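In the two complexes below, chain A is the common chain; its partner is chain B in one and chain C in the other.
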Partner chain A sequence: MKTHGALYLVATLLLAAPWLLPDYALEVAVQALILALFATAFNLVFAETGLLSFGHAAFFGAGAYASALLMQRASWPYLTTLPAAVLTAGLLALIIGFFSVRTSRIYFTMLTLAFAQLVWAVVHKWYAFTGGDNGITGLHPGALWGDVRALYYLALALFALGFALVRMLHHSPFGYALRAIRDNPARAEAVGLSPFGYLLAAFSFSGALAGAAGFLQVAWQRSAFPDFLYWTKSAEAIIAAILGGAQALFGPALGSLVFVELGAFVQARTEYWPLVLGLVLLALVLFLPRGLAGLGGRRARG
Partner chain B sequence: MKRGMRFLALLVLMLAGAALAAEPIKIGAMYILSGNFANYGTSSKQGVQLAVEKINAKGGILGRPIEVTFVDHGKPDQAVREAKRLILENKVDFLFGIDSSSVSLAVAPVANEYKVPLIVTHAATPRLTEMCLPYVFRTSNNARMDSWAAAAFAAKQPYKRWANIGPDYEFGRVSWEDFITRLKELKPDVEVVSEQWPKFGSSDYSSYITALMRAKPEAVFSSLWGGDFVSFGKQAIPFGFFKTIKFYVNPTGGALQALEPLGKNTPEGMLVSARYWFLYPETEANKAFVKKFHDKFGDYPSYNAGEAYEGMMMLAAAIEKAGSTDPDAVKAAFEADGGLKYQAIEGLKWMRPADHQVFEDLVWGYTKHTDKYPFAILDPIVVVPAKDTIYPTKCAK
Partner chain C sequence: MLAVSGVRKNFYGFTALDGVELHVEPGSFHALVGPNGAGKTTLFNVIVGRYRPDAGEVRLAGKRITGWPTHRVVRSGLGISFQRAQAFLSMSVLDNVTLAVLAQEGLTRNGLRPLANFPEARSKARELLDWVGLEERTHEPAESLPLGDLKRVDIAMALAGMPRLLLLDEPLAGLSRSERREMVRFIEELLRGLGLTLLFTEHDTEAVLRLADRITVLHQGRVLAEGTPDEIKNDARVIEAFLGE
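Showing the complex of A and B:
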């Protein structure tokens, strides 16, 4: 009963935020929601299957570039590019996953990293199509979504949808199968579960969600840059997930909120922000090995 | 009674007027202040500080002091967030600065959307001003003008076998393309024998140096800059690279951030540019500026410090002319009468109304060692007149 009360409070606050927060705080909140969706997507693979993907930036970037290119070259209205962004990212995840999910642990991590860097290099150099390191700029999502309040609600809706789907998956037979494969692949196979199919499905779904986050980033930033596909972007999702607590469903979202707010706060105050940010994150990870969600005790596993 | 009221009203009005007049003009300056290229951002920041000190000592602009907030711009997504913070939270009247080309391309449309004029003092991609955004201005020259100037020099040389080395990203690619296209227009019989594209930020250039030397070029165009230029220079000397080629031309090679670390190792006779060079022109105004800068910061002003200083001064001139900080009034001031002409210490800066790109005489020179400085200086200096760098724009006016 008490958890329900807290849940309603959080939901009310999230819905009321545009009327409570000043403009700039709302801009940062949109960024936090985007990272929250991205990190939740990443964590679906990380927490349920135990595989650490270092290549999720590729899917974030694929979604962003699909949306950006359709807006720029085909003049599609912003919102209509969402399905394309999700599909492109999901398809790319299907391809990369096809080669990667067969491998395990460190090999999976290295392979996803290598694939993502490959995609980054293509986007970074293909001036004729992607604009190379000039990026794609001047992308205005139109009068409605150009307004930060509307964009906030769009980001909130997509995050809520993504979170609900991940939660549903977690509690579904599919989720149990994934965890069975994670904990004992040999035994899972013995009872008739095909790890390849399950892992590939989870990886592709996770990639598609990351694409939705990229789609949102384009509207917020009004541009797309190859940085979106660089390994540091993957690291942001990993840091957010670990910071918030990878074992809790809402851990990555919590971590994203802290990571984004902290980043904005520190960078505004000192040019030594990378040092300060690094030290704070280090301290948080050292003293909270189960992440911020670990503070809430066992109940936080939700 | 009525008279008393009138007097009171007048008094209130005067007070309000005084308060309004004293309200500072807020400017958000964005530069690279952390990481590998922090020495560029820091020296730009110093240029801005000096300009603001000078303006405020004279009572500000329109009786209002200037208040600058500096931020580290980071990568494009961080820069967009910081730009929004400066606009929405700090309520700045102008955005200013920017070192990185990709950051300038990301921030420009955002500044334009909020109708907060952006004045760029360093980022040099020609694409910035070719976006034709009404509230975006650049007060320094861009890479295309450097390339055209280099081509003008190259065309006067007897050499036909040319090679390129440049960082493998937009700036390097565009610089070479602009250079060689222009050179072939001026001198159709040149031939390209090698193109080398090391990754931006490389530390090992040996394979590129040997590849260049194998192709036996007579002349080399390079767009390496900053740390890349320093690493390349240090590694090329032992190979005897600079002795085997007859002519080496490198835009922005005259940056103090490149010449100071190379010190006495810098090869002599390289033709390099500095968008501003602290020993040029030899006027009292420039000497006073350099002295003041040196006294305050213990260093000579680099080209980007000079450009940041002049950018602030030119903005001040535009605001003065506009009579207000209203974005449309300032835009009109920059554009009116065939474009704002501002007499900078380094020479005349002309703002082209169509694309908001400044044109000015460009300072080039041949590297030479003297007893006076621990690094190479430009001697002799060769100046490319602004008119030789005026390229056509697609922006309509």
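Showing the complex of A and C:
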């Protein structure tokens, strides 16, 4: 009952936020929701399969560029580019995953990083198609999505949907199979599970969700930039997941909220945000290895 | 039930298995023994599809399974329990076995319904845990179990698909004397009762002589002798090989 009460409170606050917060704070909240969706997608692979992807920016960026290019070149209305963004990101994840999920641990991490940097390099240099390092700017998501409140609700809806899907997978036999493969690949094979297919499916799905986050970023910034695919973007998801607690379903979202809000707060006052972030991460790893969710007790899984 | 013929396996010039023959009769308990390095583990890994043999073939109930990947072999009637008892430590005992049951039924691709809402697999898992005597511990996290109980979880998982043949790799390894006695009794009662065919390796000679109907002795990658426990006990070559070490 206690957890249900807390859940209703959080849901009410999230729904009421546009009426409580000034526009600037709402802009920051949208950014937090986008990162929350991105980090939750990343964590589906990280927490359930134990594989640390350092290349999720590629899927975030693929979603963003698919949406931006369709708006700019084919004049698609913003919202109709969502399926294309998700599909493009999912497909890219399928390709990168095909070569990566067979490898383990550090090799997986390095390979996903290398693939993502490769995609970044292409986007960064291909002026004729992606606009190169100028990006794609001056996009008009339309009157409705230009309004920060509407965009907030769109981001909230997509985050809620993504979270619900990840939660559903977590509790399903598929989620258990992923964790079995993570816990003990040899035993998983010996109960009849073939790891490759499960890992590839999880990775592709995670990539598709990251693409939805990239799609949101386009409306928020009215542009798409190669930065979206740069490795620091991947690092944001990793930091958010670890900050909030990767072993809790809501951990990455919690971490995203703290990361974005704290970042906005500190950056408004000093130029030393990376230093503050470093100290926060250091304190966290030393004193709270399970992240902020670890404060809520040992078995804080939704 | 299981027929291994002419199996040969080389590792970088070292011959681990050199034309091994092994026939396990349906309903029998068959022990595979030999000193360390004799090729027992390699043979196990060839049977379960972890290694592809350089020559020879493996048949399970007449079907050629040589070179099949492990997950496919397992779903064709072979149950595997490892030497180092292995369970999925992040899950409860019941979830471990439920997952094994669902995997056998090909239901682990389902990402929509919670695992707890598969009542048939759930009750099958409870029944398996009942068989191995863990019905009281179903909701405990697997990581909290002592080794002897983990081995039982492992065996329950190996039985999830009602295998024709069960492979046990050193079921007594790491157990105390009293746990060993209990495990031997458990294997006898449960697996005989189920009418299972069993192929196992074990270093504990006493346990081997008590459990096995037939024994195959491996030595330097070859079958040195094969026979009933009495025949093996008195076989001059076996005595020489073991004492001559």
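Operating definition for what follows: the second predicted complex is superposed on the first by the 301 of 302 C-alpha atoms of A that agree within 3 Å, B and C clash if a C-alpha of one lies under 4 Å from a C-alpha of the other, contacts with A are read in each partner's own complex, and residues count from 1 in each chain.
By definition in this document, a residue touches a chain if its C-beta (ideal position, glycine included) is under 8 Å from a C-beta of that chain, and two chains touch if they have at least 3 such contacts.
The structure presented is a predicted model; accordingly, all values stated were derived computationally and were not measured.
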Dominant toucher of chain A (residue count), chain B or chain C: B
Touched partner set for A:192, first chain B, second chain C, both or neither: second
Is A:184 touching the first partner chain B, the second partner chain C, both, or neither of them? second
Now for A:234: first (chain B), second (chain C), both, or neither, which partner does it touch? neither
Can A:169 be said to touch chain B (first), chain C (second), both, or neither? second
Could you pull out which residues of chain A sit against chain B in one structure and against chain C in the other? none
Complex contacts: residues of chain C adjacent to chain A: 48, 69-72, 74-75, 80, 82, 86-91, 95, 98-100, 102-104, 107-116, 118, 154, 157-158, 160-161
Which of the residues in chain A come into contact with chain C in the complex? 168-169, 171-177, 179-180, 182-184, 186-194, 198
With touch defined as at the start, can you tell me which chain A residues reach chain B in the complex? 22-24, 27-28, 31, 124-125, 127, 132-135, 137-140, 146, 217, 220-223, 225, 227-228, 263-264, 267-268, 271-274
Quick check: in the complex, which residue numbers of chain B touch chain A? 33-35, 38, 70-72, 74-78, 80-82, 84-85, 88-89, 101-102, 105-106, 108-110, 113, 125, 127, 131, 168-170, 173
